[in-house]
């Protein structure tokens, strides 16, 4: 099976924040931004897998930095890890007041997608080969997040997740 | 300061899945559902705090059970824990084909909201008093999730999160 | 055939009034509210009949109390009378500024729906058994409204509508 | 004060029925059509009164003739009676499959609007002078509908509505 | 084959400029107006040809006169020339502040549509017979525009477009 | 005043074609695509000028290649010529079925935008320095298009447009 790089699936999406996208404080709704992230991420997954992709799960998203009415929002997504039939996609969100011209990173998040064939059955997806140090870091973290999600949902035991077990031992050791 | 119960903030929202809400497989977009969840959760937070609430963060959401075109989606949200100026809201999503008449639980998730006054400054919110066993369980888990999020973002050390530290020690002991 | 109660079909819907929902005075468009009422009512009818329901007619709606930008609108619908293949649904509309926390009744109306099977033919629907006094009052009025509508459309003669005839005689007697 | 004719306020609106406008049977939602009617009627009222107009009430609407996905909908509205600060607008709805080229009348309804000045106070509107027989017929019926609405809402007594009282006496006489 | 007049296909469309239709300056987006023009023009073409029509091309549109939030926009379209399977449609855009009551012409443009039968093959359309002087002027200009478009796209030579060639010779003669 | 290159303003936008974006043939509406092009072009102009930009005019757009429901549409825009307070933006539209993975160029067009300061007055914009041969070709054509538009609108005489006059003389010479 084919091996691809994260850069092969990079997808860029641009939106302007319109009145109906904002809450009463004049900032972009968190829910509207999540909807945009979901579409941008699904396209990266589709480009990686050459199949229709449906959202399987979303990891933590933090909305610490508000985005304002009339600003331009740029979303950039790419597949950072592939697991058999699913892919983890990393999505960055930048906001920009074009009159000032400086983009600021407002959010980033991981969405997981599953590839489906034309009979709506899940299908295997190409593997990912991270090359740069950045790509390798995202690749490692992706596994820990997946193991933690399964452990908290009581779908695996910690003994089935050696990388997470080692991380927890490190945390406990450092906590004195 | 006032103390409230989770049941004081319960908010119910109903939507029908329309063509533009569905992907090419005919299922509700994950992103569209997240947008609905965000609005439903913000209303529960607003009812708890009597202030405008903006989304601060979203915990894991899983989309294991697809929702189909034409189905009715019912969202139910309530505040399960309050921390100074923020609230954790638990949101359940049920789908229903009215011709069959059985609701099925499709998703649940935790969204965190921050209350703001009319000058858009964060304000203190009422405390939560869980009464039923269910409410107490959600209350405990809420703290663990918060500590884990801060630890992974390297904003706290494990020694600052005694409840999470104890949970990790349990996991490690059970893993042999 | 099955007999149901009005409470079996209760449906709750919540919306926030967004900028595009408001006229130049900053109030919710009457037409947008009617659209929301129609969906909320159709769901109650579908829950009563376990079939897809299409709107047959709408009785008088009055918009005396404006609803403002940013307010939360709660719609509650339930079937109050069933006639062979059609149902009359009573819909109440409440508005609420969450910062104040008091719901006010803004509108109520009756919508009539017809149930259709999967071949798009009309089908019989379960009968309604009103229990409380409130439910019984709505049940009586529903018949008068239906007879009046048919009379004004010249589809029946007054002699075919004994309940309405009696009401008219009462009105005339009281008018001196 | 100025006197206008119904034809001075005629407003024509055209829409295509899109997928999101249709129910699962493939027909235009009643609620969506009401939203279009409300906008078309408000424009006629605004043209009559030269002021912003808000919806005050809606009389019976019947949806006996379905309108299908992809069809063209033409709405035509005009003011048929003016009462101090309010206007009754008559709205006709025609559907047309452009490939066939025949318009069919699908609905008609009466919406009542109130004119507001720039301080959002109600203002007097010009009187209406019906000229054609058609216009005169609509003018007479408009008064009966208004009296019936007030009577059923228990805001007037039948003795305050001589035209309606006479109509009821006619109905009762004819019913034997 | 049937011959029709421009007036047979006249289509009127009315919209109110809503918050989401406006840019940060409070004026109607050019792109939103183009979308409305496209629908209004497609309906005129469909009425002329009694077939579904798809947009083939758009000629110059100028947006010199801004249209403001809350104004009423009236679009009027009619087929001015027919070429085998395509039609040129002339679209006028008027804006109106109903409180003032004066319509002003804001834009006009030519859109070209192609008629398709139910197998999505292009089909011949009826010819156009311009009668009034206005209609004849639009008819002549339509041909020049078409020839110029083909020439600049290098799809024809000037020798294949005698009407345009004559116009260019006139321009050059007048330029001294 | 600053001089910029076309590449400084490149803006990429991605959309999925949804049911409500398609005509009855299942293809993307021309009007919807124009709306997307307008937003994408306005962002490139805003990035070039560091000001809000409003659409001034649109040149010919041809819709020869249909785009289908569910396909991904990528728009790429950049400023190719600047004239005092206005900019000509070149916009390319690519469609892609992600399951196949090949982008095809479907449309290209020129939109002209005007920059406005915070008082909604037009402002001077930076000049453009084309560097590559491609950029230079677009730069030359932009002037001819502008002169032709002004000539046909009878706002200039051919003698005021020496570049266009020379082009017409060439066309006439070549036409024999």
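Read from first to last, the chains carry the letters A, B, C, D, E and F; within each, the first residue is number 1.
Please note the rule applied: contacts are C-beta pairs under 8 Å (C-beta built on N, C-alpha and C of every residue); 3 or more make two chains touch, one makes a residue touch a chain.
All of these numbers come straight from a predicted model, not from anything done at the bench.
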Smallest number of contact steps required from chain B to reach chain E: 2
When chain C is superposed on chain E by its C-alpha atoms, the rotation angle in degrees, nearest 5: 120
Centre-to-centre distance between chain F and chain C (centres being mean Cα positions), rounded to whole Å: 52
Separation of chain A from chain C, taking each centre as the mean of its C-alpha atoms, in whole Å: 45
Approximate Å spacing (C-alpha centroids) for the pair chain B, chain C: 33
Where chain D touches two or more other chains, by residue: 19-20, 24, 39, 52
Full enumeration of touching chain pairs: A-B, A-C, A-E, A-F, B-C, B-D, B-F, C-D, C-E, D-E, D-F, E-F
Residue ranges of chain D touching chain E (in the complex, touch as defined): 11-14, 16, 39-40, 43, 46-47, 50-52, 72, 98-101
Chain C-touching residues of chain E, taken from the complex the two chains share: 18-20, 69-70
Contacting residues of chain A [partner chain B, same complex]: 23-25, 27, 29-32, 34-39, 42, 52, 54-64, 66, 111, 116, 120, 148-149, 151-153, 157-159, 165, 168-169, 171-172, 174-176
Residues of chain C defined as touching chain E within the complex: 19-20, 22, 24
